[in-house]
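Per-chain residue numbering starts at 1, and chain names A, B, C and D are given in the order in which the chains are listed.
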């Protein structure tokens, strides 16, 4: 039986329909495709078609543990899905505020396949039920507050008149969970954007508590028309909000039938677009589950038509900072650091190991070092392939998405021989990308960055900065490592750098000749301070920690994405929507390694 | 008195009337343009009606309708050009606020 | 009778388009998928977003379907098999297809969603540009046939198909047709990774089914139009006319859909530049050249 | 006779549709609706043309107006204070004058239309293929000059409109 079943008896015809639904499951993946691939899940192969809009999805798949913020967002997604809708949970812990899972399974490809098989049965039997329960969650409730059309700063919970001008206050929706407001609004924008705040977590736009609406269409009919305009003129890029509000209030006002209102007054406060026309701007949330963007990243773009006027990016993964005063066992510290980043766990694991070894003053053998190099480079390959898949999805380039994802899954746990066997596939992939038309014109000049020493990893190397932690590492230099570099610094250059690094990593694995994840050296009861740099797939991460009697007491971590996140605003400003998203995507941000 | 023409001619007249109303009453340039469009549409209906009922063998009638269509297009192009310019200049395409354009 | 037959053929065509499209996406042949997917959609709830413009929201999918069907009424599949052989057929096709734009504008404005609205306005720019590239090559085609009758356009290619007689026109028309059906790489208005489905994003259930069906019919109609205008319609050796029509139409459909498999989505700026700065001058050149050809070998 | 009456019915029906949509244009508060209402009014007129056997003109009208009014729509949304129509603000002035003038114009034209003797009705209309051909010859023959002038006017208008619309200071970005 499915919690989100659709109302109705499972009659003969409906049984047929239910069977069809069971065959044609469409899934919305939480937290996202990149995580799924990194965890070795191949959803399409398991027979579920992934869709971009919750409205089109029949199954909400939650893969792994996600933060409360992400769960809230997922709950909004769930509320937008059309019934019958099911919830498939793969190895996740807490779900609230989401409803109880219809099917739970373990977080692995077999687990996924098994779960989907159960789901099909559940659909065939339980897609329709005589009585259905409405899904409800706090963040879906819409609170009505009252504000003065002339003085947006006046906001109160009950109707009344404005203390400043005595106008009748206008009702307005505000969400129960108020999210922090954006820094960048102009004054008109500010209160207008508040209308949008309650959509800010929302992948697909604008339907809080749609399920209140959707299941009683008649009630909906009745007030759809009086509402009809409300959002349109917030939505379209010129609805002059003040305009009708002023007038509306004048209707309420004592003086009579027709008062002339000046359009000049209406438009004079509006922000000016780059082409000089006063236009109203809207905030549109992209993420945290937006296809083609790193999952867990909430990018809010202020759109002026199809052009991005401003943006704000933050992560909803809610990874907390490392402990400062609570001492940790070495092993649990390592585990904690590597679990934090599902996209590159090994890199952080090695980071922790090296830092502790340095602190304890332990020398590791070349064999160990080479084994780690092999593993790290393999992870780099999988990570870059994962990025390529995301990149392909973002460009609507289906072939790249599927090909890169398939290769990524092959590489995940491959040993040296298997990796060498996969070499030709990588080569052909790269060759194919070089030959693809439109790819160059799509990426050349997009998201151009200037030299900036805070840049890390491929992003930095695409600008021509060589701050690759590997170039100073004797183990790597012994393997004949030489940092790759491009200079144009745009999305195309970042693509090329990553492609070159695929080759390079293959060569390094070949040179290292071994892939082994040695357990961290036993640091005994050592005491001391140490630090380490590891070149994660996204750039050099830096860890400084101090040990006391074999316990990790303090640790500071610097991750590449933390700085790259601050680049988004400059990269997206005054770009067209597609270019802006591509630019953000080409940074290969990992929201998981960013702390708040 | 030729009843065969009535449906078309009365339609044309009605559209013309509505257009006049719109062109005179609307305060917004774009709405005003819509009025003008309706006026021209009314004219076109009449033209076609006359061509069809009175001179079906002379293509000049249709020719005339084509010209009217051109006029519609021109009127819209220029109208919107002016609208954008006004909007950029003073942020308004309201008639009340175009007083300085009075001759 | 003819009408019923044509509608049936269109339904089959839409089904085949769906199969081919699924193949271009997943690389697998799933023959039953379109039907089961359709049934599943019909069975699912059709959500009505809040604060929508009811009329537009309801009308848009239907209008999309109707405009595609109307365009199909003047397309001859075999010498006899045509619903109405309008004297202005070639023009009528454009007239009908322009309402795709109206439908998508409604679908963009109606559900009151940011993604949908941006998708709708995007398509406005896209179609105004590419409607030109539909009309102008068709003008050249009509110049050669010395008629707007679609049947006569077909017979005018008896000795030499237009794809050879005016290859430039064919290329332009083909590209424009893809843009008009917002097929990848021109799918800016339904871009999943930019607009989460764009104009489709807010539709679900029955309405989405109608919308998708309309899209499929639109694709098959455009393929048939290409065949009639440039590939000599039903003409061909050995095989019967209907077979030739079917083969050509399916081939063109596959060609249209395949582009999405091998190409990334085009940038919007490039999309418009391509049309205004390259396409339209070339289309004018095409008209001029064809004019000369018509004069040289009548 | 039946044929004629069927035709008359067709024309009248679309005539009514055109008028009704024409009224909607100025009655609705949603700008999008009023633009599309105008579009459907024009489309109905195109249908009337077809009803009056002016097939080419009808199709042309239906085709041209779709794009034209869609453009109209986006301008409406851009330049209205209240595109969605929430405010239900009336955007009219000198209402009485306008209504009266409109009515007067309507009545006068109807009177003229009704009480004039438009002379003998012509016989059959040439079939549409013939018409299209004639029209083409007309355009390229006697009315060549007018046609060229129209085209030139259109071009001038386009250039002028663009010149007026582009930003005075910096070039519009590309």
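Quick notes on this one:
Just so it is clear, contacts are C-beta pairs under 8 Å (C-beta built on N, C-alpha and C of every residue); 3 or more make two chains touch, one makes a residue touch a chain.
No experiment lies behind these values; they were computed from the predicted model shown.
Set against the Cα centre of chain D, the chain with the most distant centre is A.
For chain pairs A-B and A-C, the one joined by more C-beta pairs in contact is A-C.
We define each chain's centre as the mean of its Cα atoms; on that basis chain A and chain D are separated by 49 Å. Averaged C-alpha coordinates put the centre of chain A at 52 Å from the centre of chain B. Spacing of chain B relative to chain C, judged by their CA centroids, is 32 angstrom. Centre-to-centre spacing of chain A and chain C amounts to 35 Å, using the average Cα coordinate of each chain. Under the contact definition stated at the top, the residues of chain C that touch 2 or more other chains are 53, 109, 121, 269.
Looking at chain D, residues 30, 32, 56, 60, 71, 78-80, 93, 131, 167 sit in touch with two or more other chains. The set of chain A residues touching two or more other chains comprises 228, 230-232, 236, 260, 263, 266, 276-277. Residues 30, 32-33, 36, 39, 55-56, 59-60, 62-63, 66-67, 70-71, 73-74, 127-129, 131-132, 174 of chain D touch chain C in their complex. The part of chain B that touches chain A in the complex is made up of residues 84, 87-88, 90-94, 96-97. Every residue of chain A that touches chain B in the complex is listed here, in rising order: 260, 262-264, 266-268, 270, 276-278.
Taken together, the chain B residues at the contact with chain D in this complex read 1-2, 4-22, 24-31, 33-35, 37-38, 41, 44-45, 48-57, 59-60, 62-63, 65-67, 69-70, 72-74, 76-78, 80-85, 87-88, 93, 95-96. Those residues of chain C that touch chain A in the complex are listed here as 24-27, 33, 36-37, 39-40, 42-54, 109, 112-118, 121-122, 184-185, 187-188, 191-197, 200-205, 208, 260-270.
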